[in-house]
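When the chains are written out, they are named A, B, C and D in that same order, and each has its own residue count from 1.
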Amino acid sequence: MQEMVSTSDNHAVNVAQEVDECQPPPPKRPLNGDSREDIDRDFKFSDRPTLEELHAMHTRFVKDRDWDQFHSPRNVLLALVGEVGELAELFQWRGECPVGLTDWSAKERTALEEELSDCLIYLLRLADRCRVDLPAAALQKLAKNEAKYPIDKVFGSSKKYTEYQ
Amino acid sequence: MQEMVSTSDNHAVNVAQEVDECQPPPPKRPLNGDSREDIDRDFKFSDRPTLEELHAMHTRFVKDRDWDQFHSPRNVLLALVGEVGELAELFQWRGECPVGLTDWSAKERTALEEELSDCLIYLLRLADRCRVDLPAAALQKLAKNEAKYPIDKVFGSSKKYTEYQ
Amino acid sequence: MQEMVSTSDNHAVNVAQEVDECQPPPPKRPLNGDSREDIDRDFKFSDRPTLEELHAMHTRFVKDRDWDQFHSPRNVLLALVGEVGELAELFQWRGECPVGLTDWSAKERTALEEELSDCLIYLLRLADRCRVDLPAAALQKLAKNEAKYPIDKVFGSSKKYTEYQ
Amino acid sequence: MQEMVSTSDNHAVNVAQEVDECQPPPPKRPLNGDSREDIDRDFKFSDRPTLEELHAMHTRFVKDRDWDQFHSPRNVLLALVGEVGELAELFQWRGECPVGLTDWSAKERTALEEELSDCLIYLLRLADRCRVDLPAAALQKLAKNEAKYPIDKVFGSSKKYTEYQ
């Protein structure tokens, strides 16, 4: 990781170093995949990089190339729409897909990982361009959703779920 | 935050408590907003919640309502497309918008924060459904982009930028 | 129809009158719906309005309200993205849907007809803003697709289909 | 056009023949491009092919390749989302674009014509899969919009426009 950041940015370097240090545990994929409960119970993301670490690295990446000039909010928004389109293309001729995409090839999974990442990168870039503190905003939105969808009113009902959403 | 998570989930409660503890610093917005350099230099997201903390809270939210059954990968993907559409609607009749959206009303900013958050939440939910470790995948994609766009070849050139992207 | 267009526009009025005259046959829906072959064989759109008739009516609609000023190409593009998002929302929690959407309620079908229409209207508006002759362009694209996907190479093969598309 | 359709389909051949016969007038582009009023006044689409003619040709195209089996409503919807994404990519790093896209190269215009066409083709395919008579539905939606946005209430006001839309 260290070689991917400009040495002129101590923050980014530190981030990369720290991220390196905390990287030993490999991506947390389901070990067996055959039990739905196991799948639902076990899956976690890596703790790092955080949203701000990704944001700092991407900000440095853009600055190093003098690309800020192209990143108006609407330019980045359209780039995000483009990436969501590429994500949709991976799913377009498949019919329903099972949780875990157990029948996707390694190549297809890699393509998916890249498109999901591109969506995330442009989403946090858009938040940056709009000066929205995305992690704080998302935390607040989750709290709002908790209040908006009381468990006893919406539990397990697709009808209520559809009406509520 | 603590009241928003089910007490049956120690992990989520702990996350919320920790997030509470690390919350004092308010969202980091530009202080003056009039200097483009200041804006570019100063903006950072909050360090927390991390992607995994948001993921853990949302997983709990969905489980508490027994909504897992509706969250097939393609269902969540279409929900993400819907949220990106709502995000686009906020920008649709405005022409170009300046970095920082300095002319948006407080109400418009709140709507924006919510739509960006909804996009993030469904994006990490989609990654969960696909068993993709999103922070790890994004880190890898940033490294790939570093190699793909060498600074000396693409610096400041919109022409090269357009061709490369 | 006649009352929906400004009497100051003879062209639009004529279009509307002609469309009225050719309207007697109701929307062509499958009569029985139970046979897949019948469904595939019988479904046709109404012959009118044509794309240009819809375009002329919508151009008049926009002019009458002095809304041209808001319809820059990218504004209309973002409006289209918004409508595609609303379309996606109608399909988002349903899992796979059968051809003909035989299990959708009348209310759901009406919502669908409106969203599909909004997408079409903004798509032809975008073509107008870009000065693209959409029917001519689509005819040319269909011809290009015919050449690109030779029947003997791609017939009935999802594998080849996926690779080709 | 005639060579692009299977001779086993008399309807499609007839459509193509008729379309050929009515094709002499070239795509209607603005002649001078320098006057905004001229641009607004003069632009029209070709009268043909109609939506049903395009629909009939594409239906034949799909049948000839036995691709109906891949065209469930949601598969086609995701393909549409993918095409809208490709359309957005053409506009993503440009900032605002003038009506008529007068500064786009011939190559860029061709790409645009193709993406707009792909969006139209998948949109009418989706309508087909849902058994929605798209021209009839769009006519009805335009009438509904006329009633919903009374000229005297919304004329030329971006504020009202934004609130209404």
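Keep in mind that, in the parts below, contacts are C-beta pairs under 8 Å (C-beta built on N, C-alpha and C of every residue); 3 or more make two chains touch, one makes a residue touch a chain.
Predicted, not measured: the structure shown is a model, and the values here were computed from it.
S.K.: Looking at A-C and C-D, which pair shares more C-beta contacts?
M.R.: Answer to which pair has more contacts is C-D.
S.K.: With chain centres defined as C-alpha means, what is the inter-centre distance between chain A and chain C in Å?
M.R.: That gives a centre separation of 33 Å.
S.K.: Please report how many Å separate the Cα centroid of chain C from that of chain D, as a whole number.
M.R.: Those two chain centres are 7 Å apart.
S.K.: By residue number and range, which residues of chain B touch two or more other chains?
M.R.: 70, 72, 74, 77-78, 81, 84, 88, 91, 93-96, 158, 161
S.K.: Examine which chains touch each other and state the graph shape they make (line, ring, star, complete, other).
M.R.: Topology of touching chains reads as complete, every chain touching all others.
S.K.: List the residues on chain B that touch chain A in their complex, please.
M.R.: Spelled out, the residues of chain B in touch with chain A are 1, 4-5, 19, 27-30, 39-40, 43-52, 54-58, 61, 63-74, 77, 80-81, 84, 87-88, 91, 94, 96-101, 109, 112-114, 116-121, 123-124, 126-147, 149, 151, 154-156, 158, 161.
S.K.: Along chain D, where are the residues that touch chain B in the complex?
M.R.: Going by the criterion above, the answer is residues 74, 77-78, 81, 93, 95-96, 158, 161-162, 165.
S.K.: In the complex formed with chain D, which residues of chain A make contact?
M.R.: 70, 72, 74-75, 78-79, 81-86, 88-89, 91-95
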